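By written order: A, B and C. Residues from 1 in each chain.
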Amino acid sequence: MSEYVLELKGITKEFPGVKALDNVHFKLKKGEIHALMGENGAGKSTFIKIITGVHSPNKGEMYLYGEKVEFNNPKDAQVKGIAAIYQHVTNFPDLTVTENIFMGHEKVSPITRRLLWKEMHYEARSLLRQLGSTIDPKVEMGSLSVAQQQIVEIAKAISTKAKIIIMDEPTAALTARESEELYKIAEKLRDDGVSIIFISHRFEDMYRLATQVTVLRDAKYMGSWGVDEISNEQLIVQMVGREISQVFPNKHNEIKESILEIKNLGKIGYFADISFNVRKGEIVGLTGLVGAGRTEVCQAICGIAPADKGEIFIKGKKVKIKKPKDAMNFGIGYLPEDRQLQGLILSWDIGRNITLPSMKKYSQKGWLNPKREATVAKELAEKVSVKANSIFDLVSSLSGGNQQKVSVAKLLTADVEVIILDEPTKGVDVGAKSAIYEIINDLAAQGYGVLLVSSEMPEILGLSDRIIVMKEGRIATTLSKEEATQERILEAAMGSEPTNNREVVVEV
Amino acid sequence: MNNKSLAEENYLPNNLANKKEFSLKSFFLQWEWLLILILFLVFIINSILSPYFLDANSLLGATSTFLDKAFIVFPMALIMIMRDIDISVGSTVALSGVVMATVYNSFGFPMEIAILVCLAVGALCGLINGLLIVKFKELSAVIVTLGTMILFRGIAYIILEDQASGNFPDWFNYFGWGTAGNIPFILIAFIIVAIVFTLLLHKTTFGRNVYAIGSNPTASRFSGVSVDKIRVIVFVLAGVMAAVTAIFLASRMGSTRPNVASGYELEVITMAALGGISTVGGKGRMLGTILAVFIIGFLQYGLGLINIPSQTLLIIIGALLILAVATPKLKLPKFLLRK
Amino acid sequence: MNEHVIQQTDNIEKHTLSNKLLANISKFRELGLIVFIVILCAFIQWRNSSFLTIENINDMITNAAILSILAVGMMLVLVTRGIDLSIGAIIALSGMICAQLVSQFSLNPLLIILIGIVIGIVCGVLNGVLIAKIGILPIIATLALMNVFRGLTYRISNGEWVSSYQMTDSFLSIATGKVFGINNLIVIAIVIYIIFYYVINHTVIGRQIYAVGSNPESAKVSGINENKILILVYSTLGGLSGLAGVLWVSKFASAQGDTATGYELTVIAVCILGGVSIAGGAGKVSGVLLGALLLGILQNALPLLNVSPFWQTGIQGAIILIAVILNTLVKRSVDRNNLVRRKI
C-alpha cells in the first residue's frame, strides 16, 4: 500500500476558453492536514471539484490508496470515502439536522424500507457530541448559525465514514472563536486518522493547523512544502508570483478635502459604530475577514440595505440614502462584489450595460436616444479598454476581467464623486488585475474618492492611502499607508481579543 | 515581467465599433416571421374551410368579437418580461365592470362617471397587486395574484350576487359594436393602445428598465433602476387595461355579471407567450404579441364559422400555449443557430 | 481560561434553547390553528345550536373529505416549489368519463374508482413531463393543461350532463355508503392520510420530495433524481384528482362540463392555511388536515350563520391573502430576532 491516501498526477482541466488547471500534482498522507493555497482564481475550487467527482479532468491520473480511480459523479467520490465541506453551506434548510446528516445514506429497515428515525437521531446526536457540540438533531438546519451548520456538515462527512475530508474556506464566515472550535475539531479528526485538505486564504489557518502546504498559481502547480520549511514571504511570492510592487502601478494621486463622511453607522446583526471618511483623490482600503461586515457597510452607504443607525455626510451635508438611486444622485457609485449576479446583465450587450444607470442622462424626456447612447458607451468602454469587437458584443461573451471593466465603465456614466469598489479583482486573471489597478489609480488621480473593499492583502497594501480594518462588525483599527503591514492588518482583523463595544484605534 | 508591460498590455486603448452590423440570417431568424407564417396559414385554412371567411367587411367586423381581452395582453407582456405574472386580470375585468354597472344602475350616476369609476377600480386592483408584490417580496406574483384573483371575483359576487346588470345608455352599447366607416371602434382603440405600448416598451427608458428588471432584477436595483416603482406601475397598467376590457365587454354584451371574463388570464398569457414573450423574463417584443392576438382571434372566428364548438378552442389554446413555451426550449438544428 | 470555557458552554446552551423555540414555531402554528378552530366552532355554536349536532358534523366532515384528499397531494407539489392549477379540470374529466362509463356499462364501483385514478395519473404524468423534462414553469404548464382537460371534458360530454337517473345505485353508493357506520368518503380520506403520513415521514422517497423543494442544487449533489420526484408528485396529485372526480360525481350525483371549476384555488387555500410554504421545502400532513377542516367548517357554517353564499368566494380570497401575509410577517420577525441575537 502506498504511503499516500490520495495522489493526483498531472491533472489538467480545460473549460471552453480557459485552462482552469494545468499539470497539477498533489499528495496527501494519512492523518495529515494539508493546506491548499493560492489566490482567487488560481484553480483551487476546480481542483476540489476534480477530487469530489463534480468535474472530470481532461488529463492526469488520480490514485486512492495507491489504486487508480476515476470519478464520474459526486456519488462515486462519496462511496470511496471522500467528503467535502464547502464555503457556502450547501444543505437543506427546511429539513432537520438528522436528515441533513443522513441525506443520501439514510438508515432504513431492511425489510419494510421504513426510515429508522430513532437510530438516526441517536447516531446524529452521538456524532455531534463527538464533535463537542450539543446541537439538537431534531431542529431544522435553517435555524442554526453558519458555524453550527458547518459542524453538522462535518458530522455528515464523518457519518459517511469519510477518510478524506476537504474543507473549502470553512473559516471564511466564522468569528475567531468559532474558527478556534473548528480547528479543534479538525485536529481531532486528524488524530483519528482522517486526512484533511484545508483550503484557506488565511495564513493563520495554515500555520495553526497544517503540516504540509501546496500552492497553486494561475492554474499551475507551484510546489509543496512542509509548513516549517517555507517562510511567509516565500509563500507570498509563490502565490502571487512577483513582488507586490511589480503588479501595482506607481501612484500619482493628490489628496484633497473630505467628500464622504460616515458617523456611527450601525445595522442590527451586521455592524455597529462605523465612522470614517473618504477624501477627494484618496483610496481608502477597507479590509477584514469575510463576514466582518465590510460588504454590509458598503451596501448601507449605497442604499441597498440601509443602516438602522448613524449618519452619512456628503461634502459636509447630511444626506438620507434609502435606495441605490439616492446614493447615485448624491454622487456615490457602487461596484458590487458579484458582477454576474449584482453588477451586469449578462444577456445584454456592452453598450446597454454601460448606459443602464444613467439612461436618463442620455434620453430626452424618457425617450431613448440610441445614437447618443452608443457614442457614450463606445467612449467609456474604450476609456477602460474593454477588449471586444464592438459595443454590441454580449457581456456574457467577455472574460471576467473585461466584464469587470464594463462594470467600472458603468459607474463612470453617472456623475459620481465617490466610488465604492467591492472586491474589484475577484476572479480575474493577473493581467486584468493589473489593468484594473491602473484604472483605480487613474480614478483617484482624477479626483474621485475611492473606497476599496478587498480581502486580498497585496491589493489593499499596494493601492490604499489609508487602511481600515474591520473585525466582527466593528472597526478594529485604521492604519496609514506607512504604518500598514500585512502582519498588522492580519493581527487587527483576527486579533484573539474580542473587540469591546467601542471603536478601537491602535495607536502607533 | 515588469509592471509597465503588464499593465499596458491590458490597458491599451482599443477601438470598438458602435454601428451595428446587419446580418441577414439573424434578421430572418426572428420569431415574428414564424408568427406571420402561422397567421397566413390560419387565413388560408379558414378560407378553404369557409367561403365567407375572406370577406374584408366581415373580417374587420370579426375583430370586435375577440379584441376586447386583447387590451390586457400589452401590460401582461410587460409583466412577463419583468419575470412576474398576473392571473387576477380576469377577475379585475369582472369587478371593474360590476362596479361600473352598479354605479350607473343602483347609484344613478351618469355613465361617464361610471366609466371613470370603472377605470379607477381597475387601477386600484392593479395597485393592490403591485403593492403586495413589492412589499412582500418573499411572496411570488403567482401567489399574490392567485389570492386577489379569488378576492376580486368574490367582491364582484358580493355586489351583484348572480344577477346581471345592464340597461346602459344607447351610446354606450353602440360603442362596442359601432364602426367608423368599416372600421370598428374597438379596432381603432386597439391600434392606438398597441402603438402606445409598443413605443413605451421599445423607445423609452421605462421600457428599457422593464427589460433590465426581467433580465437581472438585482443588477437593475444596484444600478439605480427604481425596480419597485416600475413593478407597481406595470401592475396598475394591467388593472387599467382590464377595466378597458370590462368597458368594451359590457358595451358589446349590453350588460355585465360577476362571472364574466373568467379564464381571460389564460388566453392573455397564451397570446403573450405565443407572441414570443419569455415566461422567465427579459425577452420578447410587442410586434409578436400583436400578431399572436390576431392569430388566436381569427382562429377563434374561423372555427366559429365552421361550427366547431367554442370549447374546442380551449383545447387549442392550451395546446398552443404549451407549443409556444416549449418550442424555444427544444434544440434548433445547428445551422440555424447563431454562433 | 476557565471563565472563557464556561462562557462558551453558556453560549451553546443559549443557542440550543432559542433553537428549540424556533423549531417549535411550526408546532405553535398547528396549535394556533386548533385554538382558532375551537373558538370558531364555539362562536358558530353560540349563534346556531344546530352546528354541533352529530348529523351536521358528519355532513361537514364528509364534505371536507374530498377537499382534504386533494390538499395532501397539492402539498407535495407545493413542497417541490411547484403549483398545479389543472386539478379542477382533471376532476371534471375523470368524473365525466367515469359517469359516462357507468351510464353505459354499469361497471363495478371499484373498477370505476380504479379507472378514475388511472385517468388522473395520466393527466398528472403529462403535467410532470412538461415541467420536469421540458422545463416549462409549473404555473404555465398546468394552466395550459387545465384548458386542454376542460376542453376535452366538454368534447366528451357534448355539453350535456350525466344525471343521477343515468347512474347505477352501486355507483351512487360510493359516496353514500358506510363502513362501520362511517361514510365511505371519510374512510377513504383517512386511509389516504395514513398512507401519505407514512410515506412522507417514514420513507426515503418522502424525504427526497422535501429535499428537492428545500434545495434543488444540493439534492442533485446528493444523488436525488429531481425529474423523477417532480413527475412523481404531479402524477400523485393527478391520481388523487382522478379519484376525487369519481367521488365528486358519485356524491353530487351529476357530471357536468364545468364540474369543480376553480376548485384548485380552494385546495391551494387549504394548503396555505395549513402552513405549507409556497417557496418549497416545508409543509406537514397534520397542518394540511387542519387547514381542510377549517375551510370545511367555514363552508358549512356560512349558511348556518345566514351569510349569503355569494360571500364565500370573497371570504376565501381574503383568507388566502391574510394567511400568506401573516406567514411572511412571522418569518420576518423570526429572522429579525436571529439578527438581534447575533453579537457584534
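Convention: a contact is a pair of C-beta atoms (placed from the backbone, for glycine too) under 8 Å apart; a residue touches a chain by one contact, two chains touch by 3 or more.
What you see is a predicted model, and the numbers here were worked out from it, not measured in a lab.
Counted by C-beta pairs in contact, the busier of B-C and A-C is B-C. Using the mean of the Cα atoms as each chain's centre, the chain most removed from chain C is A. One inter-chain figure worth recording: chain A and chain C are separated by 43 Å, centre to centre, where each centre is the mean of the chain's CA atoms. Averaging Cα coordinates per chain places chain B and chain C 31 Å apart. By the touch rule above, chain A contacts chain B in their complex via residues 242, 245-250, 302, 304, 323-325, 327-328, 334, 336, 341-348, 350-352, 356-357, 359-360, 363, 366-368, 374-375, 377-378, 381-382, 385-392, 401, 410, 414, 430-432, 434-435, 437-439. Across the complex, chain C is touched by residues 54, 73-75, 78, 90-95, 99, 103-104, 106, 108, 113-115, 117, 133-136, 138-140, 143-145, 148, 177, 268-272, 293, 472-474 of chain A.
Interface residues of chain B facing chain A in the complex, by the touch rule stated above, are 1-3, 6-7, 9-21, 203-209, 212, 215-216, 218-226, 282. Per the touch definition, chain C reaches chain A in the complex via residues 8, 12-13, 15-16, 19-20, 22-23, 201-204, 207, 210-211, 213-215, 217-219, 221-224, 277, 280-282, 336, 338-340, 342, 344. Taken in their complex, chain B has these residues touching chain C: 85, 87, 132, 136, 138-140, 142-144, 146-155, 157-158, 161-162, 262-263, 265-266, 269-270, 273, 279-280, 309, 311-319, 321-322, 325-326, 329-330.
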